[in-house]
Structure formats: C-alpha cells, structure tokens
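The structures come next, written out as structure tokens.
Two complexes come next, and they have one chain in common, chain A, joined by chain B in the first and chain C in the second.
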Partner chain A sequence: MSFLTYLINGLSLGSIYAIIALGYTMVYGIAKMLNFAHGDFIMVGCYIIFSVSAAMSGNSVVGIIVAIILCTLLGVTTEFVAYRPLRGAASPLAVLITAIGVSYLLENIALLIYGADIKSFSSVISWEGLSFADGQLKIQGVTIITILVSVVILIALQLFINKTKQGQAMLAASEDKGAATLMGINVNRTIALTFAIGSALAAIAGALLCSAYPSLSPYTGAMPGIKAFVAAVLGGIGSIPGAMIGGLVLGIVEILSKTYISSQLSDAIVFGILVVVLLVKPTGILGKVIQEKV
Partner chain B sequence: MADSILTVKDLSVYYGVIQALKGISFHVDKGEIVALIGANGAGKTTTLHTLSGLINADKGEIDYKGFDLTKIPGHKIVSFGMAQVPEGRRVFAEMTVLQNLKMGAFTRKDKAEMEGTLQTIYKRFPRLEERKNQLAGTLSGGEQQMLAMGRALMSHPDLILMDEPSMGLSPIFVNEIFSIIEDVNKDGVTVLLVEQNAKKALSIANRAYVLETGSIIKEGDAKELLNDEDIKKAYLGE
Partner chain C sequence: MNKTTKSNLITYGIVIGAYIIVEILMLTGNLSSHLKGLLVPMTYYAVIAVALNLCVGILGELSIGHCGFMCIGAFSSAFFSRATENAIPTVPRFILAFIIGIAFAALFGFLIGIPVLRLKGDYLAIVTLAFGEIIKNVINALYIGIDGKGFHFTMKSSMDLGMEPDGDIIVNGAMGITGTPHNSSFTVGIIVLLIALFIVQNLVNSRDGRAIMAIRDNYIAAESTGINVTSYKMMAFTISAAIAGAAGVLFSHNITTLTASSQYFGFNASIMILVYVVLGGIGNIRGSVIAACILYLLPELLRGFNTYRMLIYSIVLIVMMIVNWSPKVIEWRKKTFGRINLPWRRAKEVA
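Presenting the complex of A and B:
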C-alpha cells in the first residue's frame, strides 16, 4: 500500500514538473531558446498568490487568477523587452545569457520586496482528499487535483495546437519561420503567444507546487525549473507529449529514490538518469530525429 | 507598359557590407510568365525574398498593384495577393498535407470559397488528395513540390513567385511541374519564375531577365533569349 502512495505522490510531483516542462518545451520549440527564467516565473506566481490571498483574507481563487494574468504579462513583456531584440543576434548564446540575467533579476526583486526569510504558503486546495481500504491508502486532495489539472492542460494544449488556426500557426512557425511568414503568419506575435501560454502554465504550476510544498522563498522556482528543464530534455525537447512523459518519469523516480534509496542521493539519481538517457538516445524519449530530405 | 501588376525600381539589398542586389529594375505584366534566370549567387532568391518581405530592401521601390511593398511587413504581403513557392519547397514536414494546404489559406476568411479552392487544387494535384492525411515530410521531392505549389495557390494569389521549382527533381517530375506552371498561368495567375534550368524556364516564359552578380544584364522576349548566342553559351550549355 505504501508503495502505491509513493507512486501516486511521484505522479503528482511529476505532473508539476510536466506543467513547467510544457512551458520550457513550447518556448524552445518555437523561439529555439531556453528560457532559464521560466522557473522564476513560478516563484513570481507563488508570491502573487501569497500576497493577494493575504489581502483578500485567504481567498486563493482570486489570487490564482491574478497570478495567471500577471505571469502571462510578465512572460510577454520579458520576451518583448529582453529576448526579441536579440533574436537573430550573431550568437545564440546572447539570448541564453540574457535569460539567466532575467532569472537573477526576478529572484533579486523578490528578495527586495519579500526578504530572504521563508514564507509559509497556505495551500490553495482545501480538500482533504480520498481514503481507500479503510484508511490504509490516503491520497491528499492536492495530489489528486495536481494530476487532474495536468491531464486537463495536456488535452487542452493538444486540442489548441491541432484544432485551432493559432495552434497550427504555432506548429508551422516552430518548423520554419520564413515559410510561416510567407503563409501570412505573424511570427513575432505567435512567439509572444507561446510565451503567454508558457507563463500562464508557470503560474498554475506555482500554485500547485507551493500547495504541495508550502514554503516560499525567492529561490522556490529555481530547482523545480531546472528539474523541469531536465524533464523536457528527457522527453525530447520541443515535444509536448515528451514534456509530459519526461515530467512524470522524473517525479516518480525522484519520490521513489527518496523513499527507497536515499533522500540525499535522489537528485543525483535524477540527473544521472538524464545523462544515461542522453547517452543512449540523444534526442530524448520522444525527440525527433531530424531528417534532411533533398 | 501594358498592364503592370509588379514594378520594381532600382532595388538594392545588402547583406552586411556585401551588396546582393545592385539597383535592379524590372516589371511583370498581368497574365505573363516572366523568368528570372542566372547562375548560383546571382541574386535570384534574394530578389524573391525581398518581394515577399522576408528580407528588407535597402533602397528602391516595389510597386505591387499600386502598393509599395517595401513598407509592408512580410506576413501581410500574402493577403495582397502575392504568394511564393520557396526554394527547397519548405513544406511543414511535421504537419499533414491537408494542414499544410490550410496554412496556405491562413489569411483567408471566406470559408466556403476556400473549400472550392481546395477542390481545384486536389483536381490539379490528385496525389495531394490521396495523401492528404500523410505527414508532408514523408512525401517524395516531387510531391513536396506539388504541395508547396498547392499551398501557395490556397491563398488564391494574383501573382505567384516560384523559386527553383525544378530543383532536385527527376526529369519526369520537371516536365510535369513546368506543365502545371503553364496551366496555373492559363487560369489567370501571373507567374514570376526563378530558375537555374534556363532552357525550360525560357521555353514556357513570355519574357525573361538575366541576373548576374546582382545586376540585370539582359532582358527581352523569352524565345529570342533562347536563341541569343551569349545566353546559349552561358546558361544553356550549348
């Protein structure tokens, strides 16, 4: 029974990684850049929920909505101010370094406003959860909601990309920006839309993450951000189902190795898996092998 | 000038310090097939990319139906009725044939007429209909060329720019592609054709321009150019 509990917890943590990884992978797919500040968008989302909930005497629904809106704006603004001017720069490293800069900027702004001490975040989910087999198997509400939310997000994204014009434009622009422009697609706007979606997802991931692990500091987003990046690479960067699978694998491995092997070693195991997978299949689990057709 | 649809005047484009187009001027009349021939690196693709707004002009005018295209961003140009079949096809490999075709009609809002255009394209390229649910990346080179042409036609253009449509195709496909270009033209679409296969291009074109290192060095009736001694030597391998 306890194994099942750990597995479900792993699935839940993995769902959070997956939601973050979706943002990473979508932005990479279209803008061909790694937004290393993505993890910090999560932290910003958490602080917004924290502040708004406090102001609204504990009403977290409004907090979540405000966080989603503001994170979306933050993502679009960051793209416009910091990344867009560097698109087409001589070296792709320029935008990567800028992203790291944005990451530090956000962390330090949070440090300035909220200080370094850890705030205790009250869960946005009040539901106790379910208990099975006479209480031997208990699943927390936040665990169930997290898994459900990630499934809903995955389905919604797939529908958006395959069934809507904007989604198709996103797919086309991620393959070939020049050809997409010839079709009449505004590539800059499509990239901005991708950042908007990714950042909104970061806010949602933040709400779930801080509800499951209720301590909030300016560095809350950094580690989950890096792990989600690993998840995206593991699943095959650029692939949406890949991000989902990568996230889930990572979450389950992390929880199980924490439980059965060593909690100190769990991160080493997680990153070790990345190394092994990349050695065996450099494109990741669902990564595409790029074929040149003449 | 009878009924010019496109007039380019003194067009210059620089890549850094290198001048790729050195003030070229040419025009395309309504209903014509105009060929732009020249060797590798002469500036043919640069010309088409500048017309489509993928590259910015540094100097000069591009007058299309009375609009100055140098002032219009690339993604808006297709809605003015100018489409391009780019060099190397550049189909969206991870999307299906039908999704590719729909991308061609991205800016169109007339849903019912779009369906009509799609049917016309299927009639012209039956193979595309057979493979409409197949990923474009799995098509053969010739089929991808047809898809790229169909995709451009989906925007219902008045002028279609074709960049090396015969590149890398087997001789049978080359003949098929050129006869399709003629058919498309007969249906009222003006064609600006860029080709390295000068013989083929000149045989279907009305007029032609010869581009050499960024300048137009010769222009005239396509049939006359076919018999021009210099052209024969330099571009027709005779």
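Presenting the complex of A and C:
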C-alpha cells in the first residue's frame, strides 16, 4: 500500500514537472533557446499568489488569476527586452548567458522584496482528498487536482497546436523560420505567444508546486525548473507528449529514490538520468533526429 | 618580440606588479587585516576565472558547473592534507595536495567530458550544471574516517562508519572536512595564477589552441580540415577542469571548515565566475584576471553595495550580452562609431 502512495505522490510531482517542462519544450522548440529563467517565473507566480492571497484575506482564486496574467506579461516582456534583440546573434552563448542573467535578476529582485527567509505558503486547494481501503490508502486533494490539471493542460495544448491557426503557425515556425515568414506567419509574434503560454503554465505550476510543498523562497523555482528541463530532454525536447512522459518518469523516479535509496542522493540520481539519456539517446524518448546541414 | 609574446608578458607583468605593490603595502603595514583576508580568495577566483574563460571563451562551450571541479579539487586535496597531516612535512605535503587536487579535478573533467562534449550549447550548459549539483550532493552524503584498522567509508551517517574510539572522522557528510592546515598564502596563490596563465596563454597560441578555436568558430569546417574535434574539446575541457581544481586546492587550504555548500560550490557561485569572465571579455584571459580581482574586491570594500551586488551583476550580464552580440546593436554601433577604432570593435573583427 505504501508503495502505491509513493507512486501516486510521484505521479503528482511528475505532473508538476510536466507542466513546467511544457513551457521549456515549447520555447525550445520554436525559439531554439533554453529559457533559463523559466524556473524563476514559477517563483514569481508563487510570490504573486502569496501576496494577493494575503491582501485578499486568503482568497487564492483571485491570486491565481492575477499570477497567471502577470506571469504571462513577464514572459512576453522578458522575451521582448532580453531575448528578441539577440535573435540571430553570432554566438549561441549570448542568449543563454542573457537567460541566466534574467534568472539571476528575478531571484535577486525577489530577495530584495521578500527577503531570504522561507515563507509558508498556504495551499490553494482546500479539498481533503480521498481515502481508500479503510484509510490505508490516502490520496491528498492536491495530488489528485495536480494530476487532473496536468492532463487537462496537455489535452488543451495538443488541441491548440493541432487545430488552431496560431498553433499551426507555431509548428511551422519551429520547423523553419524562414519558410514560415514567407508563408505570412509573423514569427516574432508567434514566439511571443509561445512565451506567453509557457509563462502562464509556469504560474499554474507554481500554484500547484507550492500547494504540495508549502515553502516559498527566492530559490523555490530554480531546482524544479532545472529538473523540468531534464524532464523535457528525457521526453525529447520540442515534443509536447514527450514533456509529459518525461515529467512523469522524473517525478516517480525522484519520489521512489527519495524513499528507498537516499533523500540526499535523489537529486544526484535524477541528474544521473539526464547524463544517461544524453549518452544513450540524445534526442530523448519521443524526440526527432535532426541532421545538421552545412 | 612578436605581438602575442608582448601581450602575454604584459599579463604576467600586471600580476607580478600587483603582487609587488601588495607585498610593499603589507610590509609597510598599510593593509588592514580585513583586506589581507581577501587576498587569497582573490587569487583563487582569478584562477578559476581563467579556467572558465578557457572553456567559454576559447573552447566556446558554456559550463555552469565549474565550481563542481573546484569542489573536487578542494575536497580531494583537503582529504589528503588531513590524512597525512602528521606524516609528511608541510611543503612537500602541500605540493602533493596540489597534484592530487588537480589530478582528481582533471580526471573528473575527463570523465564528465566524455558524455558532455558530445553535446552542444544549451545541453552542455545544463549537464555541467547537473554535474555540479551531483558532486555537491554526493560529497554531502559522504563519510570517510580513519582509525587503527585503516579507512572506513559509508554514505549513510557518521555512526555507520563503525570506527574505533580513537578514530578520526575526516569527511563528515554535510559537516565537511574540518581542520585542514592553512597552507594557502597570497604568494602561493599568485604562483598558481601565474602558472595557470602560462598554461592557458601558451595553449591559446599553440597549434592545439588554434585547432580548439577553429572548432569554436565552425566545427564542421574544422572537422573537414582534419581536426579531431572530440579529442581537442576533451583536451581543453580537461585542462580547464584541472585549473579549476587548483583553485579548489587554494580554497580548501585557506578555510577551517570545508563544506560542499551552495554558497561556494553551487549554481550561484558558478554564475558569479561567469560574470567575471563575461565582464573581463569572453576569450580575453587577461580581462578575466582583472575582472575577477576588481569584482571580488569591490563589494567586499564597499559596504552597502553588497545587498545590490547580485542585482547589479545580473543587469550588467544582460546589458553586456545585448550590447556586444545583438545584430541590430552591432549595426547601429558600426553606423555611429564606424570611424573610431574602439578596442572592442577590433576584437570583434578579429573574432
């Protein structure tokens, strides 16, 4: 029974990773850049929910909506100010270092505003959860809602990408920016839209993450962000179902290794997976092999 | 004397000149004890900045886990020094500690390089980051002790070592290594820095260095001219890791309690060194040394600046990247300053 509990907890954590990884993988697929600051968007979202909920005397729904809107704006602004000028730069390192700079900037702004001490985040989900087999198997409300939300997001994104014009534009821009431009697609606006979606997802992931693990500090987003990137690589970067699978696998591995091997070494195991994947199948589980042309 | 020799000699001259000035200040008693305490850290940050610049600027691969190599160098050498504290006299022990720290860092650099250097750009950055975190995690869970029966090793807790009562726990998990002898001094630091500079500058101006830079600029073209891309990448990465290891040896022999904390070996520490490299000029070895020294001393000397230090660094990082690399800004700069021969413009044209 306890194994089942751990497995479900793993699924829940994995769903959070999956939602974050979706943001990474979409941005990477289209803009071909690693948005290092993505993890920090999560942290920003959490702090917004924290502040708004406190101001609205514990009403977290308004907090979540405000956080989603502000994170979307933050994502689009970051893209416009910091990343767009560097599109087409001679060195690929330029935009990566800029992204690291943005990540650092957000963390330090949060540090100045809220201080380094850990805030306790009150869960946005008040549901107690379900209990099976005479209370032997308890599933928390947060866990169930997290898994449901991630499934809904996955389906919605798949529909958006495959059925709408904007989604098709994203696919086209990710395949070939030049050809997409010739077909009348505004590539800059498509990339901005991708950032907007990714950042909104980060805010949702933040709400779920802090509800499940209720401690909030300026560095809250950094580690889940990096692990979600590992998940995106594991599933095959650029692939939306891949991000989902990668996230779930990573979450389960992390919880199980924390329980059965060592809580200190679980991060090392998760990152070890990344190294193994890149060695064995660098394109990930669902990734496509892209031949580099001269 | 040709141009590169001259440039190299200027770099050594700056370091030696700075050393002499500091020594004179110290002898005449014009240096506060607070400043004296900053001298050794300044040298190891300069050394690791040189190491990272070799990786980022010359090899063209972004590593954000370089503090992991520093961590390996620090722990392996501190372990050696603690274990043989009473057996070997100070000078040969410290030299051996350097050899061991550098060898371990180089070994790990080589091992990490095998999977990592098959990747490019973003992947490489994230794997080096992951690697830095793995090192930190593993060392925090590591317990090694010594007693009459020999070495004991476990990854659970200090009680699991099963030591005799007279035993000595050297590596105590998250508590790290305590009581490493304080052998690092400013003089040693400067010597290490000079050796690091000598190695890197000579590498850059050698046949191997040109091959490495050719790979950075266009690896397909480099490969088609018969350059073995993987082995040259490995070479540069391993040397870079080894130099970072040397910085770690300086670090561990300057501190009483050595722990694998995020403050010194985490992601943020690696980013700080990246800031030194970027501000000093990517690919400019001399710039790294100067930037590391100034940026390390500045916040320590200006109180109150410390709160905003990281904020300012991050903004500087973003602005520097956009000013130096954005195609539109470069075009605008060419139009506006086209006729003036600015140093960074020349550098760009050479690159």
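Keep in mind that, in the parts below, the second predicted complex is superposed on the first by the 290 of 294 C-alpha atoms of A that agree within 3 Å, B and C clash if a C-alpha of one lies under 4 Å from a C-alpha of the other, contacts with A are read in each partner's own complex, and residues count from 1 in each chain.
Heads up, the rule we're going with is that a residue touches a chain if its C-beta (ideal position, glycine included) is under 8 Å from a C-beta of that chain, and two chains touch if they have at least 3 such contacts.
From a predicted model like this one, the values you see are computed outputs, not experimental measurements.
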item: Comparison of chain B and chain C by chain A residues contacted; value: C
item: Overlap of the chain B and chain C footprints on chain A, listed as residue numbers; value: 294
item: Sites on chain B touched by chain A in the complex; value: 52-54, 73-79, 83-84, 86, 90-95, 99, 102-104, 106-107, 137, 141, 144, 151-152, 155, 168
item: Chain A partner contacts - residues on chain C that touch it in the complex; value: 56, 60, 62, 64, 115, 118-119, 121-123, 125-127, 129-131, 133-134, 137-138, 140-141, 155-156, 220, 267-268, 271, 274, 278, 282, 307-308, 310-311, 313-315, 317-318, 321-322, 324-329
item: Chain A - residues contacting chain C, complex; value: 28, 33-34, 82, 85-98, 100-102, 104-105, 107-109, 111-112, 222, 226, 229-230, 233, 262, 264-265, 267-268, 271-272, 274-275, 278-279, 282, 292, 294
item: Contacting residues of chain A [partner chain B, same complex]; value: 165, 168-169, 171-172, 175-176, 178-187, 288, 291, 293-294
